[in-house]
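Should a chain be cited, it is by its letter among A, B, C and D, assigned in written order, with residues numbered from 1 in that chain.
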Amino acid sequence: MKKLINDPQDVVTEALEGIQLAHGDRLTVHYDPNWLVRNDAPIPGKVGIVSGGGSGHEPLHGGFVGPGMLDAAVPGPVFTSPTPDQVQPATKAVDSGKGVLQLIKNYTGDVANFEMAGELAEAEGTTQVKGVVIDDDVAVQDSSFTAGRRGVGGTVLIEKLVGAAADEGRGLDQLATLASALNGDVRSMGMALTSCTVPHAGEPTFSLAEDEMEIGIGIHGEPGRERMKLESADAVVERLLNPILEDLPFGSGDDVLLFVNGMGGTPLIELYIVYRRAAQLLADRGITVVRNLVGDYITSLEMAGCSLTLLKLDDDRVRLWDAPVNTPGLRWGV
Amino acid sequence: MAGPTEAALAFVRHYAEVVHEHKSELTKLDSAIGDADHGENLDRGFQAALTQLPDDDAGADAVLKAVAMALVSKVGGAAGPLYGTAFLRASAALGEHEQLDGPAVLAALVAGEQGVIQRGKAEVGDKTILDAWRPGIEALEAALDEGASCPDALDRAAEAAEAGMADTIPLVARKGRASYLGERSAGHQDPGATSTALLFRALADTARAHADD
Amino acid sequence: MKKLINDPQDVVTEALEGIQLAHGDRLTVHYDPNWLVRNDAPIPGKVGIVSGGGSGHEPLHGGFVGPGMLDAAVPGPVFTSPTPDQVQPATKAVDSGKGVLQLIKNYTGDVANFEMAGELAEAEGTTQVKGVVIDDDVAVQDSSFTAGRRGVGGTVLIEKLVGAAADEGRGLDQLATLASALNGDVRSMGMALTSCTVPHAGEPTFSLAEDEMEIGIGIHGEPGRERMKLESADAVVERLLNPILEDLPFGSGDDVLLFVNGMGGTPLIELYIVYRRAAQLLADRGITVVRNLVGDYITSLEMAGCSLTLLKLDDDRVRLWDAPVNTPGLRWGV
Amino acid sequence: MAGPTEAALAFVRHYAEVVHEHKSELTKLDSAIGDADHGENLDRGFQAALTQLPDDDAGADAVLKAVAMALVSKVGGAAGPLYGTAFLRASAALGEHEQLDGPAVLAALVAGEQGVIQRGKAEVGDKTILDAWRPGIEALEAALDEGASCPDALDRAAEAAEAGMADTIPLVARKGRASYLGERSAGHQDPGATSTALLFRALADTARAHADD
């Protein structure tokens, strides 16, 4: 797989340097350990919001650092959860005294590393930290037979809404409750037309034939639930949307945010074709799309494919969605 | 016989070399049922560990603790906390022991396993690190009970760990990233169990090499 | 090449329907002929700004319809200039009486079709229309031996700045002059790691080996100036930036906007690696990057690759860049 | 002999079929040195034209004008304005002629060529439509001067157009999208010259088929 990179070992460092050069007016990148923080952190009177995970999902999470969303982001190596060495300074840097909420995608590594960072923080006793785990992926059963559902597209929405709520001055417990509630009301599922290539691995993580697609993928390039023959966009949308609708469930009368996400290598024209069918199916079911998001927000390097995310909305959530946000990856109202 | 610190240092250096040599293989295993980073992650951690090892007289527990710190701060992913905690607990367990003999290594491994279980909450059969670790411990325990020498006992432990690693092939993963694949995880050897088997083999080889010291 | 589409013949229509469903709160899509217009057009007292071209470059141009940028966009079939049938109604719909400025990318078809639309408009005599042709691509010689330089990345920047200037109430002549001046001060060059596949063609337009790259590409998937062995990102940046710098030329003391654009299939992490080197090289040359843009803004379906665009800035242009814009593809200040 | 309207209708229907059959080939040619849409574009335009043709007695000029309108409104790209203007000028030139005989067809082609040149400002040798059109016209003119029948003259025109089409292969493009490729455009046949050669051949075949009417 061809890439626009230099030494594969330097991908994350160099991308961070690029992010610093491009967005240094609003955020600062720290190296060894790697973490990013908004320049005006900590914001007096506000709970700090931190998230992180492996790199390779840009703009998630570093691209969401700024007013209205994340105060700090913690980027691990490609597809590898960051370590407590990284989580700690990022967490402390955004604590104005009101505490810090960590939004943690549900992967064994992400949870364990944030947990270990939490143990160290408690030992130090200076920062009050709460963590909420995000696990919106319906492709995986949440049972004793799995490591639990992956945190995927819902992460973007939760980071935005919680970021806005933090801006409003809500306290740490309230924000944790909100994050949990949002996590309970959001569902996602993704698919891939191609795999992706982790820079140091040098070859795609899995191989699909010209007439195959992978259903129920995550964002780290691992194989999905099922491999099957490629279908039309409309058929793919049904394969993603139906499990989402049945799971929560979503039903007639619901107001939702419909998020069509590109995995990195799929062009925007196709994402709108996907959006069309998803919107039609929701309308058929009496579900009202009140807000939406279409584009590459939580990616898997150059993977071609898409994911659908549905979040149940209420007036408060709509207000939080509409609230100003000023990050490289998401911006409105300012 | 080499002092415990030197033995521990020898083991760490040897295992770091083994991990480096098997980086590609571990990454490939982690591609079939994962995200293709296990080899890279472990290698990064152990290369970092090599630069943070204490002096020859610091004590075997200090060596393992230094490794633990390096793993926790540099590896990330699932393996970082799991192996990091394992080495930390092993280090604590070694504190009691003056020599790095069979019972000491067993205690360290048992404590390490507890660390893995505490962090990962897996059970044997979940297709993880544990599926090589547990058989390795059981074989070591049995061999030592039978009066085998430390190198011989560790040899049997390594064989059992390797058998456990191979036995992960037909398993359906119930923990870790491979569990997202469901039934599709069957038919592939677990990367973490593989790096664990390599660890047991490195222990055995180090014990053998130092048997005449 | 695998795509998330239905019938290849319906790609443009379905994508437009998706855009309508997603952004109907701010724009309206007309079909047969196809054109998009902001819902509040025409804006009293304001010159209308129209652009268009083949589809397949999303978000360009339809994604840039909204306050602060385009009043209307005209989307042809994939990679095919739209016809006068489409340009005409879009142009008329945004004329508040102050006239309409058409921003036309320099391709034989785009120019000819907008020209023919202009002839029809003059015949009708109702709308005053001026057209400015954008030709920022340095990969092509502007001589009697070519069809002239292609309009590429500079188009995005010109649409933004002219859109802001129109919002300020500038007249048609002033806006045409501004667009011309901007065109004179912007330069671009692109490269590709892979080709793209036009839906109805069913196969990539050109084929690169695993160790090859194409230098000096446009946005329609045609082969570039040169095919050569794949190089590192840093080397690629030099190959794109040096011709840009030498051409205008840009030199020490200049203030610029640095735009790193993804061709559609290249992940954001790589675009930041590209940005890093470009920013370093500019700094070495005493050129100050005052503003920037990084992401997929003018694409070529799923082509992997990037383009660099450099625009000379002054205070007026910086102000126009910072002015509010509210479109699906670009948004700030509102 | 068929009336001029019927002859014109027959030509348009035949050429539309030819374009449809060659859609893939034209697209392939436009991939090597273009953006892979020439075949699709022309086909779309001519399929639309088929639905907008006037009645049998409307006049040949009305037929060509209808085609022109369809091409201009449906083809887009470079070919839409070029061929659209060509058909429009050809239509106007036919207004003078009562029969669709050799001189009438020549006048239409000459006017059409002027339209292409007006829109595209190309010259022979630029590797475009013109590189088939001009030889076709010259051969038609020469054949008619020699007293050849209309079908025979159009046959020779078609051969010349096809030779011109093939002669574009070694040319370096100086107009259109292929010119962006510079020297790399050499070695590939121009798609527009190909659709033009097909047009001349369709003219010849239509004239031959109606020669006995």
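List of remarks:
Note that a contact is a pair of C-beta atoms (placed from the backbone, for glycine too) under 8 Å apart; a residue touches a chain by one contact, two chains touch by 3 or more.
According to UniProt, the chain labels map to these proteins: A, C = phosphoenolpyruvate--glycerone phosphotransferase; B, D = Dihydroxyacetone kinase subunit L.
Since this is a predicted model, take the numbers as computed values, not measurements.
The chains in contact with subunit B and with subunit D alike: there are none. One finds 55 Å separating the Cα centroids of subunit B and subunit C.
Work out the mean CA point of subunit A and of subunit C, and you get 29 Å between them.
Our note on geometry: subunit A versus subunit B, Cα centroid distance of 32 Å, whole angstroms.
Judged by the touch criterion defined above, the protein chains link up one after another in an open path, with no loop closing it. Across the assembly, chains come into contact as A-B, A-C, C-D. Those residues of subunit C that touch subunit A in the shared complex are 2-6, 11-12, 14-19, 21-22, 55-56, 58-59, 63, 193-194, 208, 210, 213, 230, 232-234, 236, 264-276, 279-280, 289, 292, 294, 296, 299, 301-302, 304-306, 326, 328, 331-334. On the side of subunit B, the complex with subunit A involves touching residues 27, 31-37, 40-41, 44, 72-82, 84-85, 119-120, 172, 174-182, 184. Only residues 33, 54, 76-85, 107-109, 112-113, 115-116, 139-141, 144-147, 150, 198, 200-201, 203, 205-206, 218, 220-225 of subunit A touch subunit B when the two sit together in their complex.
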